[in-house]
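Below you will find the structure I want to go over with you.
The first chain written gets the first letter, and so on, giving A, B, C and D; residue counts start at 1 in each chain.
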Amino acid sequence: MSRLSSTDAVEADAPATDVEAEALLARLRGALGDAVVESHTDRGAVWVRVERDAWADLAGYLRHEEGFGFFNFLSAIDWMPSPFGRDMDSSVDNVLDPPEPKEAAPTETGVAGGDTRFQLLARVNDVTSGRSIIAKADLPSDDLSAPSWVAVYPGADWHEREAWEMFGIDFDGHPGLRHIYLPGEFEGHPLRKDYPLLARRVKPWPGLVDVELMPETDDGGDAGEGAAP
Amino acid sequence: MSLVPGLVKGLKVTGTTVVRTVFPKRGMRTLMPAPSKGAATVQYPHVKEAPPTRARGVIALHEGNCTACMLCARECPDWCIYIEGHKEKAPPRRAGGKPRQVNILDRFDIDYALCMFCGICVDVCPFEALFWSPEYEFSEPRIADLLHDMSRLSEWMETVPEFEDYESGSVAKKLKVPPT
Amino acid sequence: MIGVLSELSYWQVTSIRVGAGLVAVLLVAGTLVYAHLFKMVSFMQSRLGPMEAGPYGSLQLMAEIGKFLQKEDIVPRRADRFVFKAAPFVVLTSTFLLLVVLPGGPDAWFISNDLGIYLAMAVSSVSVIGILMAGWGSASKYSLLGGLRATGQLIAYELPLLLAVVGVVIQAETMNLQEIVLAQANGEIFGWGAIGNPFIITQFAGFIIFMIAMQAELTQTPFDMPVAESELVTGYMTEYSGLRFLLFFIGEFATAGVFSAIAAVLFLGGWYVPGLDPADNLFNVIGPLVLFGKVVVLTFLVFWVRFTFPRFREDQLQRLAWKFLVPLALANIVVTGVLKVVV
Amino acid sequence: MTVTERQQLSYIAAQAADARVNLEIETEGMTLNIGPQHPATHGTLRIVAKLDGEQVVAAEPVMGYMHRGYEKLAEVRTYPQVTTLINRIDWLGSFANEVPFILAAERLMEVEAPPRAQWIRTILFELSRIANITLFLGDMAVQVGAITPVFFAFRDREHVLNQIEAATGGRFHPNFDRIGGLKDDLPAGWVAETRQAMRKIRRFCDEIEELVEGNEIFQARTRGIGVIPPDVGLSYGLTGANIRASGVDWDVRRDSPCGLVHDQVDWKVWTHPDGDSFARFWVRMQETREATKIVDQLLDGIPSGPIMAKVPVIIKVPAGEAYVETENPLGVMGYYVVSKGDLNPFRVKIRSASFSNVSITPWLLKGVYVPDIITILGSLYFILGDIDR
């Protein structure tokens, strides 16, 4: 039994995987042309960002030409920084007494870049060769819609319903975008960053209170030894 | 396809379990029925199973060690720890030294109705003031009574067991429960 | 015993009979619930079962009854009220009627009818009506499905049950249950008469068919599709609560007891113990106890199977009845008839 | 008849049933709500089944009764606090939920747990698999009507839970995994007790094999029911035993190991060619056995050393994105963690196994009979917390 730790194994494999990944990306560029906006590889993982219009073509190509038969997940990312911060600094009742809106932090996007606030995120695998790819597509805020993957990967059905419900993204060609988790009359898109998490806002953070200072009656001279034993 | 039908084998399994439960003893006293020994269950209010030493039953507070540093309250994912304290002068440790400034704990409440028993507070406490006790019988008819205050939390200190030894091969240092 | 009874007036005899009937049904049902449902099954599952009410939980059933009686008697809003309310009583009636023909000793019987077994088979079907009433009257889809399944199943298994009995009737040359017992007590197995002729030996195929069909008639696993807990949420009983649920519950175990008693009479020699004179007056006293002992053994089998096996699907269950049990029972009749003529 | 033929036949039979339903004389169908309060949904899943007699014309699962919004909640919690939450996703195999998240965070921080921690992590990972699947083996029998096996399952799962509790302090929610290692080392005597527990689990497997798997009625109820062809299963995102029962030889533990030491032991990925409910049961049975063997081997070779790598006290994960998936008891579970270098993750996408596994039910339930709904749901094996998150 060898006692190689798993990192050594990964490092040994890493160059080979990257070659494979680059080849895959090259084929993708060949098939989709300019629709491939950006790509990224990191320790065997492959990201590719495509134009929104090529979103369904990408799925079709990956499944039928490349053999990525396994649908892993589909979701979205809201890249807008939360206007509420970490929500842990709410010393006041945020609902009755809303704080001043903070200055918007600059939007930073992650791996494989991004130009818009909302970004689709999906991952498919090829189980026979162990390859996988993470696909992304930017969605303009004024038209949150994308072609549906359901025709290619039937498993995308529920994932797209979830993304529709949580982010408000429309999927053209989806057989029925209905609420999946939330009740039918629910308003809003909870996973958007500007949707407040009430549980954290109706109650002040207990960690905010600090130990009260020493009463003034004492004579000056702070104890050098500090509080901790 | 085996010779004995699966139906008969199934009857054998349940039948054997009846015999094993009613006559758990082997050898001489096989014929003494003793289902209470053979059963996998215990009669709870009469017999109690001892949870392991590490079991996260209830959090005990070592009042003397707490400096009201707020770390546990801040790290708690549920915000269920409430601490209030103030600073005071204490007599110097050595004769002739300067008087020290100490944090006095006024309030230390844990709301067990909110607590998820994750143990983060116990982990982050730098002063060894919080400990897990395996005690688990503290349910209350009223939800408000699940808020344990400082005195109640300190009482749990008596039930905190000593830390166990580690399995061989470990280099971790065994901790000690401070005397109350 | 007949002598004693004949000196009493009609109402006295009647009340004694009613009392004996109630005791025979309820006491037996209670014992079965405790011994089998509470204890044996618990041991089968490595647990103790009820231990708090009475010594070893023996009064648990009393506690359960007390609990059920306190519960609200809920009738669903859209239920057919009369049908819904009457259903449990119809089911229980069938159980009591079954009891009528059972002999407990040479003179301890309710009625001695020359068509005894015929009557028993006939009244056992009455429960189907009760179950269908419960299923229909509840105005619940689960109950309706359960009721329909139960009806289909009970009708399907009535046939093998009856055909299995025919073998016994041919061999005993009577349909009177009392005389079937005596035929077993006085019979011989191909000329060897040391233990009489319990028909379980000469009618083994019939016994197996009878037990399988009985399991189905009682809607016990593996034939409990009508009450399937995990899909139909106890089927036709879904909407019942309180007293009426209790009646179904007691009825289930009482019927198990009574059917086992019929099986004991038909195949195990009823109240008779080999080696004693069947005309002995002793049997009027120990006969019911002997019969009860045999009932406990047979119900043990019923519940052992119930708590071990998964259940059949409805179509598999019908297939088993029509394609396997009925032909087998018919073959059994033919073989029995031929042997009866030849031997 | 070869297996593939059987598979094809049952698939054709299912399709034929589907067509038959549509062609039959127009009768008024019935809509049956299975759940949300129903014994077979172990939790609060609701299935709206349109029936024609006892045959299902269309079935639509409705979930969300237990939606807790973990993806949103994780965004306002620090990394160590998130593990407390995600413990509750698949509550029968809690520890396994923590592992992929911690691994994803470790990947972003580029730290690696010391070997001893990896070893113990893998042991607990497999123990939680056993605790989870043991219950399935009993529960599946309950779904098809046998009551006793589930009591055996609860009885023997207890041995595993006791070991998990002795090591982590929590029976169901260990919260034991930390970025860079583990919270604590094993207590003395734990290894020997765990070996004993593994023996008991193997005996339990033998019992269930005789009581349930070998039972002719059980086989009649499950064979040929709910056949999933491999390509359909994959395109619906089925994972774990569900897809391996369709003959797809894919196990993340073996094929893309990450941070766990499954590659250090000798074990086998079991597959079954049939793709029916029985195959899913059978594969899970073998997996439980295999897991006990993995644990036994790992217990022999736990390396000595520290259990925590050097990580800062206040954990800030560098900006980046990482997706790590592991082969959890219910199937592949992955966390897509987006970090912006803060105390808390910016976005956590939880890819839970049951959500994808159950998404095949509308396809699978067409044309089956009402009792088979229960068999199929039981054999797909979902945990409500894992669907709803």
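In this text, contacts are C-beta pairs under 8 Å (C-beta built on N, C-alpha and C of every residue); 3 or more make two chains touch, one makes a residue touch a chain.
Just so it is clear, the model here is predicted, and its values are computed rather than measured.
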item	value
Relative to chain D, chain with the most remote C-alpha centre	C
Between C-D and A-D, the pair joined by more C-beta contacts	A-D
Intercentroid distance (Cα basis), chain D paired with chain A, Å	24
Rounded Å distance between chain C and chain D, as computed from the means of their C-alpha atoms	44
Distance from chain C to chain A - Cα centre to Cα centre, in angstrom	64
Whole-Å separation of chain centres (CA-atom averages), chain B against chain C	52
Junction residues of chain D, two or more chains touched	148, 152, 155, 211-212, 215, 217-218, 303
Where chain B touches two or more other chains at once, by residue number	7, 10, 13-14, 17, 40, 75
Residues of chain A engaged with two or more neighbouring chains	none
Chain contact topology (line, ring, star, complete or other)	other
Set of all touching chain pairs, with the criterion as stated earlier	A-B, A-D, B-C, B-D, C-D
Chain A-facing residues of chain B, complex	65, 67-70, 73-76, 79, 81-90, 93, 98-103, 126-127
Chain B contact footprint on chain D (complex, rising order)	77-78, 80-81, 83-85, 87, 116, 148, 152, 155, 158, 162, 165-171, 173, 175, 183-191, 207, 210-212, 214-219, 302-307
Complex interface listing, chain A residues touching chain D	1-3, 5-7, 9-10, 43, 45, 47, 63, 69-73, 75, 77-78, 81-82, 86-88, 108, 110-111, 121, 123, 127-128, 130, 134, 152-155, 157-159, 166, 179-183, 190-191, 195, 197, 199-200
Chain C residues within the chain D interface of the complex	41, 44-47, 141-142, 145, 221-222, 224-225, 228-233, 307-316
Contact footprint of chain C on chain B as seen in their complex	7, 10-11, 13-15, 17-18, 20-22, 35-36, 38-41, 43
